[in-house]
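Two complexes come next, and they have one chain in common, subunit A, joined by subunit B in the first and subunit C in the second.
After this line comes the complex of A and B, so read on.
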């Protein structure tokens, strides 16, 4: 079946020259083209790649839910097309949104899936106990699945998938929107299964630090397999090309803006108190961008990580699009204004018996990038919707530019821009029609309107796509269009709700570059995210958990709190986990 | 202010026209229903199967039978020769009725000593059809009596009915039904377009985006109501056009009186549709809500069964049904040629329903603004 050198039956998953095409609207998308890969038994393999790389398609083909256009896929030697039924006995597949019945309790959901998988009554209890113990859900069996937090839902989904004791576990982005603590628990469950049951796991992920925990990583891009190897191999590839840079006068954000997109520099991101720079070759200092400012720069090498290799490999295929930064405009940052533009004062929000937001208070100053971090269900989106006037608070006061947007005149809303989590533009309308509609909505007219639309099309690289239906655009482009629509009227305050959710690292960099530029021009940005590492881009942030503020401050201040001798350079994720654990032990 | 509403209108129309499903709702069902109802739904009897049991076998009895079988309303599908055949013919629904002439039919007819008896055995399970069929038979018999008396120089019946239908002279039920369809289809299309409009945006998350723009709730409401009004009036015009030029309904009254009615009717229906829409979170809920309204609205409108036949309480309930008023208007203008002044009593309730439902929609939609 495959011409792989290894005997077929030891391979948990074997793909041989697999092709799959989809037709979306008027365009044909090559989801997978000529992909061959093999996964050995009892290994954990991570699929990584930008949106539309074909990760989900590959998993669905392996699960026998789709049929390949050409090529062959087999699971433990069983063909996924012709022997679907026996393949289904071997695999457990957890899609991105697992089908939990929200109106059933945790126990009822488990029973239902046990029935569906034909688990006998005798075995059932033992398995339930094991799984409930492993997932830490034992004390919640009576609770409705709909009332669980994002992390708990995901763990329950995994438990339901594990009920049939599959030999090959296929997980599609299992940790999206899950808080770091639950994420760690998910991983320990997966690793436990591999160790004790010899299970094979194939998972797709947007978190590259997660991919680093896999035995092997498969890098996909636009339906092509770029590489498959161990994380150590990828790191070795990057040896000596990762640096940390600091500038005596410029802020990290300015340094990053200055460096990113320059020739010779593959990647520049803020990490802790310095800027992480990945160079194209081993001599970073030769780069012209560096020579300019090298006298005030301190540079040290640092150990590479998988993300560096990932970005480097992708950059070869997708040269940087955003090199439009006006470098002459980069000057030492003006001190932040202390004019308060957003004020949240003891705000509560109840949904029936459930308190989504608890006595929340914070302020945001003009020109700040303010982050609202936390896992799904932490209360970020509720807070966000109250600020935009989409939801009234149960108690307390919210003021944006001095007014309550819920009660204020419509004119006040012209001063804010809003971009929501879900793509919320008119998908039946073309890119241009969407821009036309939103520019008119904000009262732009005639020459001014034309000018703003041209600016949006140019700035966001949408000129080519302007007559395409926006619903057919790839996710990254949809997000650009949404941002363009939110920015055309030059708002003072920009509300961004999970703008990077489900967006790959490349698009995320592009997004943050734009946001940084906006902030530099004096726009206040309020952004929610569940990516802890994105906290680094914020001037100040609060981390929310269960409707409460876990901690507030600048990224440095927050990390300061958990810095110890063993952990000299904690990441934001470390900080989150430590703070949650400290809080739980107090309770 | 108005340029923003125009932007909303353009967006709304583009969304409806470019979306395959809503485009279909606008074009497909109305045409299909127009033809299905226009041709299919009728109260007129056509080729009803009957059986003949003629024991007399004379010229007179054959002439009598022929009057029945020659009529387009009836067709003879069975000939009965024995009493035992009667029961199965009716039980098995082979025929609707059996015309039985006894052996003395022609003798009684000629001697005139006693009335000649023609027995009708009719299947009463479908009482409506049975009554209509009997009605036809009665008139065939009356005509026979008259002709017989004239031919044999007998005394004419002492009194007889002479009927002339004042409106719809041939009493064609298609006129009644097609005029009703104008109201029915306008109702269905308008309510679907409006009931789905806010729900669709809520489902797709675009409603939030709309609410954070500087549009006022009033502008959004107008932006949602106007497309419904335009589409509803166009839809009604199309069906009126088809009624006149395809189904050849007479258009006795004034177009202005009719269009005033169309406008007010669509206006009131939009209010109901937007009320449903502001309550629905998903399109599915919107659709369900629309049908919960449409079905009783049609049954309690007088479209098929007269409101006067309904129990008192239900009759009162029909007062809040916009279709009830519109059917009076459309039939009044089409078949009777009623002028606008006479129809005033139908216009104002529509206007009131429209104002109440639209303000209700506006209120609910502000309340649900979260």
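After this line comes the complex of A and C, so read on.
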């Protein structure tokens, strides 16, 4: 069993023509088809790709939790099927949601994993001390794992897998729903392990800025490996195809909507005070069609990033599905209405001894996109539920469209649309049946109902899938359907709770395009997200932390606060980290 | 996977400690193990009774004589019956249709005359058969009372009565014919099924659901250790539940324990192992708490209740259903429980049923080990 502990010159992970299929109901899903890849010792490799790309399947195969239909996969020369016991001696595996026992304390979880990995009592204390020091959990050993914040759970999960000092660390989406500070700490732990212990790390991630820190990146899509190379290689591929554009009259949001409809443009996203554009070829600037858009456009080249290459490669396989924007609708921005539609005044919410929301106050004007940002557990969802009248506040005043929610929640609810985190669809019903149900639930009848259904199917590009069971749809489609259901009764205010959580970058782009169009037509949109970069799409936002407002303002105002000589162009994530650190040092 | 059997002491200890901590922190596990037995025992010990008491009887006495009065008075004295009198059969029938009485006893006008002739007198007994169980009980009681009265009469008058057979009833082992003495021991099997199968199936499915098992099986742990790590704590919990039930049965409900306590504990262990094996097997097939709970109730709890002979006599079931009861482990344990409590150490019964339990336990564990590879699918 233990003769496998001297892996000399062998690859940390080797996949050779691996295929894996799953049967879901009636359908067969090709999770991995003919994937070959190799990971050298002491490297950090990131698996990236949209939902259903096969990232989790690949990690589970490597951990010996699944068996490939064909092909071979091995860890340090040990076959992951036939020599699975030796493989388990070599690896540390952290599944999504970290695999912790939430009713055990931090110390008890560690002890369990130390027992399972056969760490002797003599070594144990030293290793606990090291890991607790490294993860900053030393003062929480008595606390139940379920009572830790997302970031702390993630670090505890990591500590449990590091106890055995594995040679290969497999991490499945280690940073989903974790705040940026914790993500940064996770990376410093990983890098420390690679440097001092020569550990090899393979991780899947939805954050492409995280993938950029890896030695190599494997890009997967629908079970196929598109490419495997260093981030530098991908960036070089994109040389001269990334730009930043500004418009003298249009806001960034309008400009982004406008540009993403153009031929020759692969990607357009808001980044800081400009719109980042990725073109199909290197001579975008010279093309006369581009010059025609507007003479008020200033455009400059910028250094590429991994996300540019990722989107460019995926776009070749998935051409833009969104209907082209109607350009005539894009007109110079009208000033925002100053009619207040949501008023939150000193609102508290207690759950037993736990205060989820602390003295929260803010207002939202009609037609705004208003963001609530923060990590899991910051109080965003609780705030949302109170605003939708689903949860009464413990103290304070809430007014939505002029209605006091304490007195007439039902009256307000008829004028709002709510899309919950889990999408709240009936998975056994077809797309059309879901729309039928929600339209009747909102009291739509006959011709009006038919008209709304047609609008929803068209607008959300669901015509082709209207008879498919909604449970079988990919996540991005479910999100579109859920949004359609929330909009059927033409609400004045739309609440979107984590609409982009777990949704891949392509689907997220589509989502924001739609949301922009909605806001342009006068709907007020409130949205929560833990993706800091999505803050750029908001007119105004608050960043929440532990039930408190960390900061409020427009994206530019917030970044302004942390702009220094060393950091002339901070991202929203930089701002978040700096503000949290500043607050912690004050405490 | 031959090393499924390979057990490392440290890993097993870690798993058992973890499980005990989880049980201790989860009030619902403790409630199923200790509160539920108390509730069920109180309910069945005090609430449910299969004895017929104060059964309303309708009398139609066509000609009143000292003999008829004496006979009906024998019933009136008994705590099992309550007499009411009707002028004729029509009135009595109407009362039975309205369910005011459960049976009619008709004494013809020639009752006394026939009694002293060589002919045996006839009485007519009509029983409402809607509730078959009560009907059988009434029929038994009436027959018993009739022959007792005849014997009594003969003794008093010093005359020989013409009766083909003199029946002499004696009820052994449960001489008071108390259904609680019979129900309470059987209930122990039901309680242990709940702890062994339902609780185990749910906690294992919970680990699949929460993704904790996924992290655990990627460590050097073997499936044998994982299964034993569940088995040992829930075995302790189940035996605790059993001990509590026995103590309550003996000291609260005064159920006699005529056999050996240790035989009960030993056969209880066998039965609990079967239940645990089934629970583990269910959770390996159903990786979702809700489904695991449903399956456990349908394939373990309900049969233990209905088909084990705990309430309903297996001998009076249709042949097909009787054959089916041989698949129900609770059947064997209920037989042992009722024998050891009420009769004593009858080795023929105990050994045969214990052998059946042992066989089932081995079968389920072999299946659970085979069906539980260190994989996610």
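FYI, the second predicted complex is superposed on the first by the 566 of 587 C-alpha atoms of A that agree within 3 Å, B and C clash if a C-alpha of one lies under 4 Å from a C-alpha of the other, contacts with A are read in each partner's own complex, and residues count from 1 in each chain.
The definition used in the following text is that a residue touches a chain if its C-beta (ideal position, glycine included) is under 8 Å from a C-beta of that chain, and two chains touch if they have at least 3 such contacts.
The structure displayed is predicted, hence computed values, not measured ones.
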item: First, second, both or neither for A:402, with subunit B first and subunit C second; value: neither
item: Partner chain in contact with A:146 - subunit B first, subunit C second, else both or neither; value: neither
item: Touching partner for A:426 - first (subunit B), second (subunit C), both, neither; value: first
item: Touching partner for A:522 - first (subunit B), second (subunit C), both, neither; value: neither
item: Which of subunit B and subunit C A:391 touches, first, second, both or neither; value: first
item: Complex contacts: residues of subunit A adjacent to subunit C; value: 60, 63-67, 84-85, 88-89, 91-104, 108, 111-118, 157, 160-161, 164, 170
item: Touch list for subunit B against partner subunit A, complex; value: 3-4, 6-8, 10-11, 14-15, 18-19, 204-206, 208-216, 369-370
item: Subunit A residues within the subunit B interface of the complex; value: 385, 388-392, 405-406, 410-411, 413-414, 416, 418, 420, 422-429, 433, 436-438, 440-443, 445, 469, 485, 495
item: In the complex, subunit C residues that touch subunit A; value: 3, 8, 10-11, 13-15, 17-18, 21-22, 25-26, 210-212, 214-222, 374-377
